[in-house]
Amino acid sequence: MEKLVTFKGWKLPLLLLAPQVLVTACFFFWPAWQAVYQSLFIPDPFGLRSHFVGLGNFEFLLGDPFYRASFWTTAVFSSLVTLVSVGLALWLAVMADRLIKGSATYRTLLIWPYAVAPAVAGVLWLFMFNTRVGVISWYLGQAGYDWNHVLNSNEAMGLVVIASSWGRISYNFLFFLAGLQAIPKSVIEAAAIDGAHFWKRFWTIVFPLLSPTTFFLLVVNIVYAFFETFGVIHTITTGGPQQATTILVYKVYSDGFVGQDLGSSAAQSVILLVVVGILTIIQFRYIERRVHY
Amino acid sequence: MSTISLKSVRKSFGKTEVIHGIDVDVADGEFIVIVGPSGCGKSTLLRMVAGLETVTSGDIAIDGNRVNDKEPMERNIAMVFQNYALYPHMSVFDNMAYGLKIARTPKAEIAERVQTAAKMLQLEDYLTRRPRQLSGGQRQRVAMGRAVVRKPAVFLFDEPLSNLDAKLRVQMRLEIKQLQRSLGTTSLYVTHDQVEAMTLADRLIVMNAGLAEQINTPMHVYEHPASIFVAGFIGSPSMNFLTAKIDSGGSRLSVESGAHVRTEGLALAAYSGRDITLGIRPEHLEVTNPESADLTLRIAAVETLGADTLVHGSIAGAGIDGAQQSNFAARLPGNTRIAEGETLPLRLADGSLHVFDRQTEKRIADI
Amino acid sequence: MSGMVEKRGRGYWFTHAGLILGVLVIFFPIYLAFVASTVTQPEIVRPPMPLIPGGHFYENYREALVSGINAPVARMLFNSSIMALGIALGKIVISILSAFAIVYFRFPLRKTFFWMIFLTLMLPVEVRIVPTYEVAANFGLLNSYPGLILPLIASATATFLFRQFFLTVPDELAEAARVDGAGPMRFFADILLPMSRTNIAALFVILFIYGWNQYLWPLLITTDPQMNTIVMGIKQMFPSGDDIANWPVIMATAILAMLPPVAVVIFMQKLFIKGLIETEK
């Protein structure tokens, strides 16, 4: 993957690289290094000095019930978001793919939510479920169910899951649609001639052929749920009630900025760093294979 | 004066030497064709003259000035690439004008030069089009136009016709020749097609595995090939080869395969005791009566081309070896009526036998 | 699967019904927000709120844009535009230059820089927020446009995209340009850049939306409400304590926050989809 033709000289390319290298060094490597460094210290109560504690912050975190709860919360949250958004997107894509005409219109309509920021999505769903003025919570109340996500942690989780999945459906829908349209028609037609009806064809032929796309989307959505949903959580529940919706990335923020515990926050960042690293490696490894597929 | 001179030019990629010392002097206005099979180094040689590859050792001079260290644009050359290399987002006019624009030629002059070149290449109606709107032949003309417009000292062509269909190739071949004649620009042309080589060249450089096996005019190379390789490469269908031995008395020629070839009257004494390879061009054989035949051909296949008839078979007396059933070819007039299985008595035209040393593969003589 | 459905019959109606249901579910929250932005506060506060748009469209939007709650929404729209444009353009510029350097030159440490840039793909800004905030503060970038923009252009997805693309450009074009007398920057400007137009446009679309929708970072770096971006500013329009939120204005703001990215997605759909697929490869 190298070019045979190159230009001579080294001053020009270094000059061209300089902006990116500078920005990356200042705003990526240096902070990343700082995060690792700070995770080994605890600042004293007056913020004047910090003393070295080695892996103390990490030990504390791993034993901290709140942190472990946050891990569990994150796992539950991301699994739910992934399942809901990938599942619904697949169903919609299958439906849209069945049509000869009209799929383009549906596609245009269904990709809107991608443009909506997670935080704005949070506001929209918060509005619908707001305990005082929310339309849906009111109708639920009329039907006898008292909705209150401010007090009920399961409802809070449910709400953030829905708000987070809602926007994501478009993204997954687009990829599934592309994947479906890449399956050669001849394969489907052969199965039809063999007597398989629609759903049979789907499960035995289409779905297996779609598996690279599916796997890819599962990984990408998990990463999304880990990080980009901060806006949803912050907007709807601010991590409550009683940290029931405090996912890991939210905890980094609340411990670091609100609680001002820099050492712990840095240590949490480092742990998250490792988690992302693993997820990215899985993603790249799999993409490699997908490209050679 | 735009002469080109190559002195002991060598090229290595890493530890592998691919060009083993080429020497040639090209006169002003000469059309030189570098011909050879794939991988022989001809494109590499051309690119070294262009300045797109570095020279490992030796000197390249254009107009008497050593250019080894000069960038392509400093050498006053223009190049026509195999895949045309047209700038896809620019119109035909802009493609041709680009080099001049960089050299800060005044606009009026650019317009004038492009128009002249366009007229020469019948591109006047296409000046505003984009490359993707043109056919292969038109694109090739634009590539040539780009070269012509620069008025360089040397034209370099890198297999420009390989991507065109057969008919177009024949037509473009003529156009290139006429263009070069009218412009009088020294040209180096690389191809693997020996027909192009023969028809275009003032002189040929026949290359094989990094060496120039022969440098001479097409007819000379054809009539007096310097080696078995050149003899087999130039000329279609290719020359017939027979490995043979001349006995110590110098009077008897025994062809290894057992084929009976009459050799009375040939001056073989000088080669007594030697292992040689004989070469006979298919067109140097005539049908004759059995008494005056030099050899008899057992026909295995007949190809009627219309103007010629090609017959393939094996020489009578040759041991039957499955692979060699049709290893001998003769080109006969188109009205020859002959069928498979028949035998054909043939005689050699005078002076048409080529003798090569089996070991060195170099030509010894033609008799 | 395309078109493998009977033109009539249950399958056809079922499919359309399913898709229409999907569209309704997707649009309902947006529709409701729009309705809320066109009615009055009292109508919302006493549920159930009306489900058809009311007549107060102009008042509510004017109030939002001109005075907002803690800052005029017009100001927030402006800030968001600067930020999104800055991120999109900034990232494209530095990435295309880097990709050009990496692909078309050989120079010492080339591989090192390549891997350095590659590593940045691994960490979204959320993972390094605290130290990045400190760095930005040390540079004096709090409450500033560079502060909003710079940390978010540090990752390398665009560089990879351009690198992939440059690798597919035929070598002969660069050689022809060299023979024509073009130096590297000339080649870049006259030939490579025009050929990259579609890629640049597709990337611009994706990056603009990415930039516009940023939440966590703008939240941290701005303390002055005048520097709020619209997406992060909405949350701050909610009152603390037990006051009732000014729902019509907040919903109007939400609708306004959505419009530019949605417009971009709809009108540049083809480019957007191309950009999505390319960046995720």
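Each chain carries a letter (A, B and C) given by its place in the written order, and its residues are counted from 1.
Basically, a contact is a pair of C-beta atoms (placed from the backbone, for glycine too) under 8 Å apart; a residue touches a chain by one contact, two chains touch by 3 or more.
If you're wondering where the values come from, they're calculated on a predicted model, not measured in any experiment.
K.L.:
Among all other chains, pick the one whose mean CA position is farthest from the mean CA position of subunit A.
P.N.:
B
K.L.:
Using CA atom means as chain centres, which chain is nearest the centre of all the protein shown?
P.N.:
Smallest centre-to-centre distance to the global C-alpha mean: chain C.
K.L.:
Using mean CA coordinates as chain centres, what's the gap between subunit B and subunit C in Å?
P.N.:
59
K.L.:
If you average the Cα atoms of subunit A and of subunit C to get two centres, how far apart are those centres in Å?
P.N.:
16
K.L.:
Report the inter-centroid distance (CA atoms only) between subunit A and subunit B in whole Å.
P.N.:
63
K.L.:
Got the subunit B residues that touch at least 2 other chains?
P.N.:
Expected reply: 52.
K.L.:
Scan subunit C for residues touching two or more other chains and write them down.
P.N.:
Counting only residues that touch two or more other chains, subunit C contributes 175, 178.
K.L.:
Going by the touch rule set out above, which residues of subunit A reach two or more other chains?
P.N.:
Correct list: 5.
K.L.:
If we count contacts the way the header does, which residues on subunit C are in touch with subunit A in the complex?
P.N.:
1-5, 11, 15-16, 18-19, 22-23, 26-27, 29-30, 32-33, 36, 44-45, 47-49, 51, 93-95, 97-98, 100-108, 110, 113, 116-117, 120-124, 126-136, 139, 150-151, 153-156, 159, 166-167, 171, 174-175, 178, 183-185, 187, 209, 212-216, 219-220, 231-232, 234-235, 244, 247, 250-251, 254, 257-258, 261-262, 264-266, 269, 272-273, 276-277, 280-281
K.L.:
Would you mind writing out the residues of subunit C in touch with subunit B in their complex?
P.N.:
170, 172-173, 175-182, 186, 190-191, 194-195, 197
K.L.:
Which part of subunit B faces subunit C closely enough to touch in the complex?
P.N.:
50-52, 71-73, 77-79, 81-83, 85-89, 98-99, 102-103, 146, 150
K.L.:
Contact residues on subunit A for subunit C in the complex?
P.N.:
Residues in contact with subunit C: 1, 3-7, 9-10, 12-14, 16-17, 19-21, 23-24, 26-32, 34-35, 38, 88, 91-92, 94-100, 102-103, 106, 108-121, 123-125, 127-128, 132-135, 138-139, 166, 169-171, 174-175, 178, 180-181, 183, 185, 188-189, 192, 198, 202, 206, 216, 220, 227-228, 230-231, 234-235, 249, 252-253, 256-257, 262, 265-266, 269, 272-273, 276-277, 280, 287, 291.
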